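Written below as structure tokens is the structure these notes are about.
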Amino acid sequence: MFYATLEGLRRFKIPHKFEFVSIITLYAQWIREGRLKVDPSWNKDGLKFTCQDPCKLVRQGLGDQVAEDLRFVIKAVAGPENFVDTWPRLSNNYCCGGGGGALQAGFVENRRKYGKLKFDQLAATGADVVITPCHNCHSQVLDICEFYGGKWKTTHLWNWLEKALVLEDKAK
Amino acid sequence: METGKNSDWEPKIIAFLCNWCSYAGADLAGVSRYQYPPSIRIVRVPCSGRISANLILDALRSGADGVLVSGCHPGDCHYISGNLYARRRFALLERFLEFIGIEPGRVNFTWISASEGEQFAKVAQEVTERVKRLGPARKLVKEIESCPA
Amino acid sequence: MSTPKGSVLVVGGGIAGVQAALDLADSGFYVHLVEKSSAIGGSMSQLDKTFPTNDCSACILSPKLVEAGRHLNINLLTLSEVLDVSGEPGNFTVRVKQNPRYVDPNKCIACGTCAQKCPKKVPNEFDLGLGKRKAIYLRYPQAVPLKYAIDPKACIYLNKPGRCGFCQKVCPTGAINFDEKPKELSLEVGTIILALGFKPFDPTSLDFTGYGKLNNVVTSMEFERLLSPSGPCMGHLERPSDKKEPKKIAWLQCIGSRDINRACHGYCSSVCCMYAIKQAVIAKEHAQSGDLASSIFYMDMRTHGKGFEAYYERAKEQGIEFHRARVHTVLPAENDNLTLRYTDTKGNVHEEEFELVVLSVGLETDPGVMKLCHELGIQLDQDNFISTTPFAPVATNRQGIYVCGAVCEPKDIPQSVMEASAAACKAQELLSKARWTETKKKEFPPERNVYAEPPRVGVFVCSCGINIASVVDVKEVTEYAKTLPGVVFAQNNLFTCSQDTINQMAEIIKRERLNRVVVASCTPRTHEPLFQETLREAGINKFLFEMANIRDQDSWVHQNWPEKATEKAKDLVRMAVAKVLGDEPLPYNQLPVTKKALVIGAGVAGMVSALSLADQGFPVCLVERKDRLGGHARKFFRTWQGQPMQEYLEELTKRIEDHPLVEIELGATVEEVSGSVGQFKTRLSNGKDVEHGVAIVAVGAESYKPRTGKWNYLYGKNPNVFTLLELDQRFIKADKALSGLNQAVFIHCVGSRVPERPYCSRVCCTHAIDQALKLKELNPDMDIFMLYRDIRTYGKREHLYQEAREKGIIFIRYDLEHLPVASEEDGNIVIEVEDQIIGERIRLHPDILVLASGVRPRDDVGELSKLFKCAMTQEGFLLEAHMKLRPVDFATDGVYLAGLCHYPKPVEETIAQAQAAASRAAMILSKDAVPAESITAQVNPMKCTGCGVCTRVCAYHAVAIDQNSGKAAVDTGLCKGCGACVAGCRSDAITLRNLGNEQLMAEVEAAMEG
Amino acid sequence: MEKESVDLKTLRARVKKQIEDAVPDVRIDYCLTCGLCASGCPATGLEDMDPRKFLRLLVLGQDEKILNTNWIYSCTMCQRCKYACPMGIDVGRIVYEIRGMRPKEKRPKNLQRSCDLQKKSNSTGIPNEDFVWVVNDVLEEVRQNEPQWKDLQAPIDKKGAKYYLNQNAKEPTVEPEEMVPLWKILHVAGIDWTYSSKWWDGANYCLFTGDPEDWEYTVRKQAEVVDELGCRYYINTE
């Protein structure tokens, strides 16, 4: 979890020489720089995408900027017209209900009740794919989707990014 | 012309209101948007003490179906005591009106202060209903041609 | 200080600045009024209606603006900004930059052709961008001055000379001047008043509100414009997304106020609760469908002003829903609607859909204002408002520079107006030697003799935006007016009181040679003087004028009967025309002014007023019923900001006692009053007679003591139960026992906001919290519980509330259905109260119980008000002439009020009001004579029998039987024009000028003709 | 039957005091009880609790209820309440402190176990050697089966690599093929990166148990590893 390290380094004043970054920020940066070339033309059927803003990455982590980067990458990968945003969004988005150890702690009924807001919010977008850039979110969104009868596919971002990659001679 | 007591008929009522209390109360009714029937025609006078019996009788004679005189509450008169004179005059007039056959309720006297917008609307409503029940006033109307025999 | 200058600079042309300017200009000073935009009026001009009277904001403001715009002694400098100030109090030099208007105001006739042709549309800032305006524009329809201006940022020509320039081509008077350059002026003034106003908080940064992202989330200021008839949807209340009328609206309170997290504004903006209720009430009224549902989501409902609590209660009766809950996030729903999820006090979650959400945004200081203050060396407080102190509420840190209005703390209009007059008062104190040294005198053209002329009546029918026109068919009424005998001209106007219409009216009177004028609009009580002055300017005697009240007494009260209302309007116009035909020109009588003031009540308010007038050189008689000065304030420990009250009081008392111009009458009351403005005669209970030109009533109020009944809470039964002031006594005496207490409980609203005393006492929340903090100072370990209904620490007082919580003082909310219960167990106090949040009853064992029991009016105020013919509210406080714009005047000229007899208020507001009363009083005292009654009685000696009834009914002894002729004769100097003598005369020998029997009958008969 | 009243002869809000000592700017007392937090919190109503009531119980010294409610495990410490709270009160932080006050044996077992495992190496408890093996095995498979990716890299413990990459333990444990897309992306972007063979887990459950020393220990270990490898950037994959 992004926040665990970010806040841990900060709160316990742990000395370190590296810079702590998110893969989402880098994806966006690499696409902008042209290091990664992506082409959304694979999405012929117009699969609709939405995303979850992980609390630990966005609200508690890098704020709206990383969430905007996330949207930038999804739009580049799936086509800008195929991204449907949620509300609330970015730093004000709901927690999925899987965070804070809830997935490990038991109290399954509570966790799913908690996730109902997230489920309704995601369902309202009508998206076919929900991108969850955090493993906790991924597990929880997957679970509430199944539990409440959602129709979307819950995935990480990298699967789609891979799909949209334009491979130049180097790899080909 | 038996407009009589059907509900469509809107009486015309002359209201003599003193400038300082009752006229201001009528304004406040408007400011507060209290609704009342459009039957009242307000004549602004400096003080209810300005209103003589003659003016009230003249109003009836001109065709008013009712008259309302309203001034400041006792003790609140802008001119110290004008409203008390008005009340005294009105008490005398009431008996006289009865004597000449004008129904009680056609001529009304009340106190309404500048802060009683709701009260004004209520009085307007009540007086209108009272006069409606009595029907058009005919006793003193100067009618030249159509005066019923 | 050498000879001070006789002129004053007022910076800011909102209601506060305009009021300060008018007060000063009317009492002998020349005023430069600097306004940064192209027209004066400020924020108030953007409002639709004002609370708690629901007056149309433009309607009550417009006459003041017009007056300021036309005032001979006010130099209006629009599009101007202050650059810097040098010099010292009494002699400042101010550099002002005046930006070009690019339109010559002397040529512009505001015909609007330029704006029609102008191809460039930009968002209209007056409508907060909801509507568009052109690059050449009027700030708003009733703008003063009513002159177009070019927006240099938007103008095509100014940005690319050679292009466009259409306005110049079409302007019929050649008023456009693209070559105009900024000007720099240097003004010599004695003092400066800053009335810099506020800026509504911008909620864009609060993403959870959805503002800027969700179409149907608007700010309260935007909502004012949506309601306003001069706004982007002409008052038809449309929501932004689809221009449909919303059926369900929610207001979210405290957006940008009482928020130290995201908005960084720890203060309360004071006005938002009331304006939200007002908007909810008015929206209901506007809604054409009539079934609008409104909900207000709040933390504490703060209706702490005069008439506010009653307004709140009435709103509840009208079905407006109040939820004590804050909403986290505004969520989009179907059809651009909005869902609000909220949790009630019990913890139950609700979800409700609304069609429009209004954010009740707070007030903050504009960054430009902060910059100006920085340049002028004016100190700001932690909230970036201008710093003032409770005992000098309108003084800045820089001597000779005063401040008023929302720039020193968020506040409502009456409070701003009060402070404006207070600032004017301080300016007058400083410059009193220079009075009338720089002013000009108003000259009217000679009046046309109309005696011989046949009547030529002009009728002006007002639409009042949509206030009249939405109910009454004003076009029909106008056409009808043209058919009336004597009427030669009739015209319909959008706002008859706007400066352009007023100017036009004067032109029309001259052009059409009118000799009588009727205006069919609002009430003569507010607007008659304005129109009458227009007649004078057009060379007509002002008494040749009548008004037909087709708004307050017609369109507003017959909203559901438009046809009958139109018929009634025609009747009213016909009546007014019938009346005006009989009107004669009357003389402008004058009464010399006795240059002395009577101040009744020597509490803080009375002493401050007296001292201020005396400092201006006017003798004062200060009457106090008790045998010592000081009043209520003697019982106070300290102000909420922490200044000791008794020290201040001592100093004030000493200054009063030492002042050569103040005579003090202790142990005396007023017994008898005669005369009127300029010439009062008052008899005191000690037998003394005082002759005075003005009177200030500052008789104070009492604290309520709950000796019996429902609000008793063991008061008077258990020795450890106190009122706030009783606890203050213990603080004053530095009672050591207080440090040893373990637990203290305060109960708020004891006997306040209940059916017997339905008003809020405004001061008790702050006072109680300050006392709790004082107890915490004495013993930090003391447990303190405050049992409250709504905490009303308005404005900066909110910091005190926060400090109290921070220090661990616990606030438990109760409501009228669940009152705290006090009982005794072995002589010890036990309080039971339910905590609504945890849903459990709490048992407390206080060592002292303090009852915040509020202020009640004095029983004898009624007597006094009668003597001065002043009105009272239903609660027993004195009633000012106008709740919004005349907060210290009585309807009776020459009598003013200040302090607690007006309404409960803290000392800083009392002082401001007392200074304001002094300023208003000085407007009379500074003059040698004041206008006297023109409508007076007149005897026809031919008919008079000398019976003497008239002499007996006249309360003013204005009629007497002439010894020689044996007939009645009227002293016009004493006659007040009440007409009692006329009604009393048996021989029809005495009449009232312009109100004779024939004339009244003509009016009555006209009423019957329809 | 009427409930018995809460008697506050002396107010002893010990838990509140403890939290205030640990977190000086926690501002529990600032609460206006406006309910904004409760309106926005998905956990409102669970265990008959919501953030406002939770704060109120703390303020009124109802320590038993605070220490015993399992609501602290439904609150995900997401801080959405703090985000909009007018007083900026961080209920998540308070919940964290209270989780820490629970004796270890009374905490949810799996949660505590995840942290305990984390302190050894990673939250699933697979041995570090297994991680290394799985990575190399999957990499080999891709290289063989997908000729266009025959150069694909998944370096471990590569000193001086510019980027250090952590890996959520879930993938090597249960769905190893999920690691591949990211390798490919990094490959195409031409990034010089490495895993570490120890403290490689991207998750960290010690953040949730409430013991700061555990949290600190795990983060410290991670930081040491990355600095030891000399990487300029530490990429978190989630």
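Should a chain be cited, it is by its letter among A, B, C and D, assigned in written order, with residues numbered from 1 in that chain.
What we mean here is this: contacts are C-beta pairs under 8 Å (C-beta built on N, C-alpha and C of every residue); 3 or more make two chains touch, one makes a residue touch a chain.
Predicted, not measured: the structure shown is a model, and the values here were computed from it.
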By count of C-beta pairs in contact, the leading pair of chains: A-D
Interchain centroid distance [CA atoms averaged], subunit B/subunit C, Å: 33
Chain centre separation in whole Å, for subunit D relative to subunit A (CA means): 17
Distance between the centres, which are taken as Cα means, of subunit D and subunit B, whole angstrom: 80
Distance between the centres, which are taken as Cα means, of subunit C and subunit A, whole angstrom: 55
Per-residue overlap in subunit A, given as positions that touch at least 2 other chains: 91-92
Subunit C, residues touching no fewer than two other chains: 208, 329
Touching pairs - complete list by chain label: A-C, A-D, B-C, C-D
Of subunit C, residues touching subunit D in the complex: 206, 208, 254, 258-263, 299, 324-329, 341-345, 347-349, 742-743, 783, 785, 802, 805-808, 810-811, 813, 832, 835, 837-838, 840-845
Interface residues, subunit D side, partner subunit A - complex: 42-43, 45-47, 70, 73-80, 83-84, 92, 95, 108-111, 113-114, 148-149, 151, 164-165, 168, 170, 178, 181-182, 184-185, 187-190, 202-209, 212, 215-216, 218-220, 222-223, 226-227, 230-238
Contact set on subunit C toward subunit A in their complex: 207-208, 210, 329, 331-332
Residue ranges of subunit A touching subunit C (in the complex, touch as defined): 87-88, 90-92
Subunit C-facing residues of subunit B, complex: 10, 12, 14, 19-21, 23-24, 26-38, 41-47, 49-52, 54-55, 58-59, 62-64, 75-82, 85-86, 89, 113-115, 121
